[in-house]
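Residue numbering begins at 1 within each chain, and the chains themselves are lettered A, B, C and D in the order written.
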Amino acid sequence: MALDLEAIYVDLHRHPELSFQETRTAGVIAQRLGELGIEFEEGVGRTGIAAVIRNGTGPVVWLRADMDALPVPEQTGLDYASTARGTDPAGNEVPVMHACGHDMHVTAMLGALERLVATKDEWTGTIVTVFQPAEEYGAGAQAMIADGVLDRFPTPDVVLGQHVTPLPSGTVGVRPGTQMAASDGLTVTLFGRGGHGSRPHSTIDPIVMAAATIMRLQTVVSREIDPRDVAVVTVGSIHAGLKNNIIPAEAKLELSLRYPDETARERVLEKVERVVRAEAAASGAVKQPTIVTDHTLPPTINDVDATARITAAFRREFGEGAVVDPGMFTGSEDVSWFARESGAPLVYWFWGGVDPQKYADAAAAGTIERDIPTNHSPFFAPVLQPTLNRGVENLVVAAREFLADASA
Amino acid sequence: MALDLEAIYVDLHRHPELSFQETRTAGVIAQRLGELGIEFEEGVGRTGIAAVIRNGTGPVVWLRADMDALPVPEQTGLDYASTARGTDPAGNEVPVMHACGHDMHVTAMLGALERLVATKDEWTGTIVTVFQPAEEYGAGAQAMIADGVLDRFPTPDVVLGQHVTPLPSGTVGVRPGTQMAASDGLTVTLFGRGGHGSRPHSTIDPIVMAAATIMRLQTVVSREIDPRDVAVVTVGSIHAGLKNNIIPAEAKLELSLRYPDETARERVLEKVERVVRAEAAASGAVKQPTIVTDHTLPPTINDVDATARITAAFRREFGEGAVVDPGMFTGSEDVSWFARESGAPLVYWFWGGVDPQKYADAAAAGTIERDIPTNHSPFFAPVLQPTLNRGVENLVVAAREFLADASA
Amino acid sequence: MALDLEAIYVDLHRHPELSFQETRTAGVIAQRLGELGIEFEEGVGRTGIAAVIRNGTGPVVWLRADMDALPVPEQTGLDYASTARGTDPAGNEVPVMHACGHDMHVTAMLGALERLVATKDEWTGTIVTVFQPAEEYGAGAQAMIADGVLDRFPTPDVVLGQHVTPLPSGTVGVRPGTQMAASDGLTVTLFGRGGHGSRPHSTIDPIVMAAATIMRLQTVVSREIDPRDVAVVTVGSIHAGLKNNIIPAEAKLELSLRYPDETARERVLEKVERVVRAEAAASGAVKQPTIVTDHTLPPTINDVDATARITAAFRREFGEGAVVDPGMFTGSEDVSWFARESGAPLVYWFWGGVDPQKYADAAAAGTIERDIPTNHSPFFAPVLQPTLNRGVENLVVAAREFLADASA
Amino acid sequence: MALDLEAIYVDLHRHPELSFQETRTAGVIAQRLGELGIEFEEGVGRTGIAAVIRNGTGPVVWLRADMDALPVPEQTGLDYASTARGTDPAGNEVPVMHACGHDMHVTAMLGALERLVATKDEWTGTIVTVFQPAEEYGAGAQAMIADGVLDRFPTPDVVLGQHVTPLPSGTVGVRPGTQMAASDGLTVTLFGRGGHGSRPHSTIDPIVMAAATIMRLQTVVSREIDPRDVAVVTVGSIHAGLKNNIIPAEAKLELSLRYPDETARERVLEKVERVVRAEAAASGAVKQPTIVTDHTLPPTINDVDATARITAAFRREFGEGAVVDPGMFTGSEDVSWFARESGAPLVYWFWGGVDPQKYADAAAAGTIERDIPTNHSPFFAPVLQPTLNRGVENLVVAAREFLADASA
């Protein structure tokens, strides 16, 4: 009685859950693991699950899938589009959507585990699978580690993970070295002085302060970073004020910063702080702004040798043309904590979720950025197949590359 | 058995209610009117109350007090500071505070009615009192009129109202002609294209669009309006985005505009719209921004002759030095609808609520704007006395100026 | 042999001269004064002229006309448009134009002196006339005073002056109290670090620093000054860089600030300095910007009693409707130094130079600001008549109001 | 009698000349070529020189050196610092400096030619040398080609050139493929409406329009270009206004844009134009801004095979460690026109001019961008040696790599 993966995916897509709230998702996973006869623990790192398949002597391969969804109002128009709502950490009710494809990650992982269980006579070794919560807050991997996942389960010889992206379905992208950027999430609070909307001179307007700060932050990337280097300074949210005729007392900005390494990180952080403080001074702010780091993600660095093995395996299995070097992504991940903390090599790859014809047309027209919705977009929607099947195969091929061959 | 006005004020201050939600407040008023034996109707214009004292032949004097509070988190540190919360029109839970002194307006009005009832043998005529809801949304006066208040109650010969402000307690400010500005409240929605915070190039960033718009809106006042004219363009709220690593699809701004008259209104609105549209174009927005007018308030224009009478009466009663010309206020009011719709003259005055010594010290130090909290500030707190007593006396003196003298 | 005033005006208009370079202009004046038999001294305050008509006992009336032109490229299309060029204080060759009407001031003054000389039997007293240089740099009045003009000529009992403006020709505008604003001219130099245009990260870009400063300076007026107060912060020039592919080391801004009085002056200056310093800090500037005051002009305050006399005289002579209260002008003048230093009352008025029909049409269409070129515009061009004749009459009527009547 | 290269360099450094004005420089070159007995033509492409050494059968190698200097005020403090002044294309007198090292290029080329002449028995073939004018305006190579240099001289089999840069002296940097960026130089003129500095509302302020445009242009790079792509949008000069109290009618910006290829070029140009037009619209400009392309430079693309040969030769000659891949430079060059028009392969390399110890110290401190002056900086000053000798050797080694070996 095989898993109906497409049904699982559609169900998960319809029921997305925010970070550290993935209880229904964990329940689905637990049920399926049970059906597959796989040993697992729930509640690892709050809402995470760790599972283990022990199959004789051999390497310990860790496979990781992340589970959480995002506060995005789905606009895909799909039959199975989400209408779910959740409560964000600030207590606000927000729309929720699997706008980053973690539903696909979970489903492909369940399919891969099913396949690996079914072929246990072909390989030996140990497979540890972590269904990780709260990747979107950059907090779930560390939560599982803090909860002892590296101690309570066999230590990894290699850590493997994957992400669905706007490449053509049927394609896999992987590169040695830096695969994804380092990142910090900051909350900046600017303090003005509130008052009546008709009397700006009796206030220190934090909304104008915020606008000037945002415009000035653009110059960090446009003027202060070597044009050949990668850096992103995004203000992803701004909230200030409750009513048109009241000038509020403060404004809150949430920033997402990206860079390839620690040196760049320090430079960008220093410049961002300099701009924030100076713009508060330009407004005559009496109280200094606060800058709080909500999360810090290291760069996702693929081990050179392990990546070479997997790249070769993918090429062998899927054909030369199906495996591309996607370049460094400016997105960030917390998967590398499992590798960093255990000292194991990491390989993290991308696989395509876009209808190949649609992708080719957009490429020909030079409109990929406009026409192909990217992760976190309200329009992000991987085509079901061959995306889902390939997600399963990627994991099986990669895991088998490191597990021992039972026939050897 | 006299009303304990201070207790009423403190009670109202502790229990502020947002616009059109003033049910508890209306209940307090109704109870006191009943105690005073005054005839009244509840639910006029949703949560408003209209009361009438008929006392023989003579002019019909309308007295108006507004009742609603604001979504402001009180920071006065007073014993009786509000900790109330309410639900704003968008459905968000917000802190609520009497940051505009309408609790003082209601209490002073009750005190004045008590006094006028007690002295019915000294005057003849009719007093209609409107306890108006939703002044802060510029909607309550029109709601009462739409509900027939001008038809169901005796037609005014004069409309009188007052507002507590950051003048020294003991002072009253009034001028003929334009006393308060005209105003519009606009909601501007800017449309970008959402996406991943690490991939700005695949999005149209509505937060940068909003920041550029806000900075450019400053030039309407700084460059495009005659420096000798009065105009205010305030962005009182901005909301966009839910998470640092998601670039949202849109940003919402709430604007409060102020001007002395209709000509200026048209000019400022045209310029604001021009800036909003051009900044969307600068971002390459595909979808045009929307600009919705939430409310429109006419200027508050004091009748020249009626104002002269009241000014003289105040001077006679309180002394020459206690009556000042406060200049035009850039704040706005909907009180004038009662006068406009009925054709009656209007007199609307301000009275002081600041400790006179504190005011004098700040004036001497040139720090009034910094040290004296203004209406809508989370620190706004009139000193209880003589503010409250003077609020009562102002109304009694002004009403008696227009009522007939029973001894005559 | 009467002066051909129109020919004199056209000649002066064709030959404008920059501040403290008015040697040809002074030569024309000197020649005409000689023809009129008026005693005068040249070279007073470098290029100024002071003349005196002694005519028996009576008050000493000072009349003042300013002589200098501006670095503006004339675009009026007039037959007698200027094609002159001059050298500005920085040594650059610039176009020169009488874009402020000082040619009209000089010509009208010569016409008035001719008339007053011709009617010496009708009045007694003394007329001192100062043809002042360098009004546009706010330096000429002080230069004449430093050169002893107040000591070397009879002390004024009243100081009179006039300016041609975009009011309808035939109109005169005057008011008691503050007639023109106080002003400061500042030069702000921003220091960055130069380098190759393709390597912004190795520089501190002073042009971006300047742009951010200019945008932020807008908020001084839009947010920090009471909307009911008058203030102007103009950046009138910006110069930085020599070539597209070199990021320069510095940027130079010239600011013109306006306010009604000393209190406002201090506030605006403090805010401007705060913004300039903070924006340099936001850029990470190593070297502090410099802010140099090029000139300071006091407000031009008309004496209440003297203005009442002149207003009455103008009304009598030209009709009620021809005399208006023009409000406070935000332009500034150095004429008041003659009154301040001598303790004499000042009356300074405006007279119209715009075709009345054209003005009425623009007023009806609400396009005055767009269609009627203002002083300092390259399109500024008073209609010759009745402007010139009225300029003469204004001076004669005003002077005669204060001189003694010989028939008395 | 060998050339005294250091003296030649110092002389050229002291006497820099702007683009197409390199007559003294050409005279120095002509004199030295004459002394070396090399055949040459002057006035090729206005002020250029082409020289040819015919030495039997064999490949034709083109060597190119550029000659012009920049409008930069030298601040190196060197004994031989330039105090020269010149006249720029707009007719302004400007300071002139060899801030880009073309004096070093010319001198090294003369040294290389001397060496190649002296060793004519070791090689056969033809060397054509172009001393090119006006590289800084991106116009000189095309001017020489338009003047027939490719027809009048032997057709190249390879084109070689070099540039001194802020690498450690003793180092050479070269890479196959795109070595330098494509570039456009634009002049943007923004049209407002001029007027009096005290009456901004009667004007359309082009300086505020320019500031808003500059701030918005930052978002092209910060938000609209893939963070992994290379793009630069520099505003290298801004000029507007002549006096603090006159709001001018227009503002002129000079932009330098950089990108790796034609696709990126079109994108950036489209975005820049969009921003410029929208910001003019935001100001209510009546007249559309003009955008004029002053020059267009293609990317400098090194031929893969030819670059491999030269890289190997450099490594052999100078040691492995002395040859680095410098990455793509965002600077641009017109040298590639000689290769594009003739179809010959191009190799263009960089060589270091910074004191190695100083460079190492700055690298260790992470202060290279701050402490090592880059090309076009007023502080740019290559250390004389070994820079000059290595410049000579680079050219000799590279030329000999392609010339035939006489001993073969």
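The criterion applied here is as follows: contacts are C-beta pairs under 8 Å (C-beta built on N, C-alpha and C of every residue); 3 or more make two chains touch, one makes a residue touch a chain.
Bear in mind the structure is a predicted one, so any value in this text is a computation, not a measurement.
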A-C or A-D, whichever has more C-beta pairs in contact: A-C
Chain located farthest away, centre of subunit C as origin (C-alpha): A
Length of the line joining the C-alpha centres of subunit A and subunit C, rounded to whole Å: 65
Separation of subunit A from subunit B, taking each centre as the mean of its C-alpha atoms, in whole Å: 48
Inter-chain centre distance, subunit A versus subunit D - centres from mean C-alpha coordinates, in Å: 43
For subunit B, residues that touch 2 or more chains besides their own: 198-201, 203, 205, 208, 212, 215, 218-219, 222-223, 226-227, 232, 258, 330, 369
For the subunit D and subunit A complex, residues of the former touching the latter: 215, 218-223, 226-228, 230-233, 258, 263, 327-328, 330, 366, 369
Residues of subunit A touching subunit C in the complex: 198-201, 203, 205, 208, 212, 215-216, 219, 222-227, 271, 274-275, 277-279, 281-284
Touch list for subunit A against partner subunit B, complex: 70-72, 88, 92, 94, 99, 136, 181, 183, 185-187, 193-203, 205, 207-208, 210-215, 218, 232, 234-249, 251, 254-256, 258, 294, 329-332, 369-370, 373-378
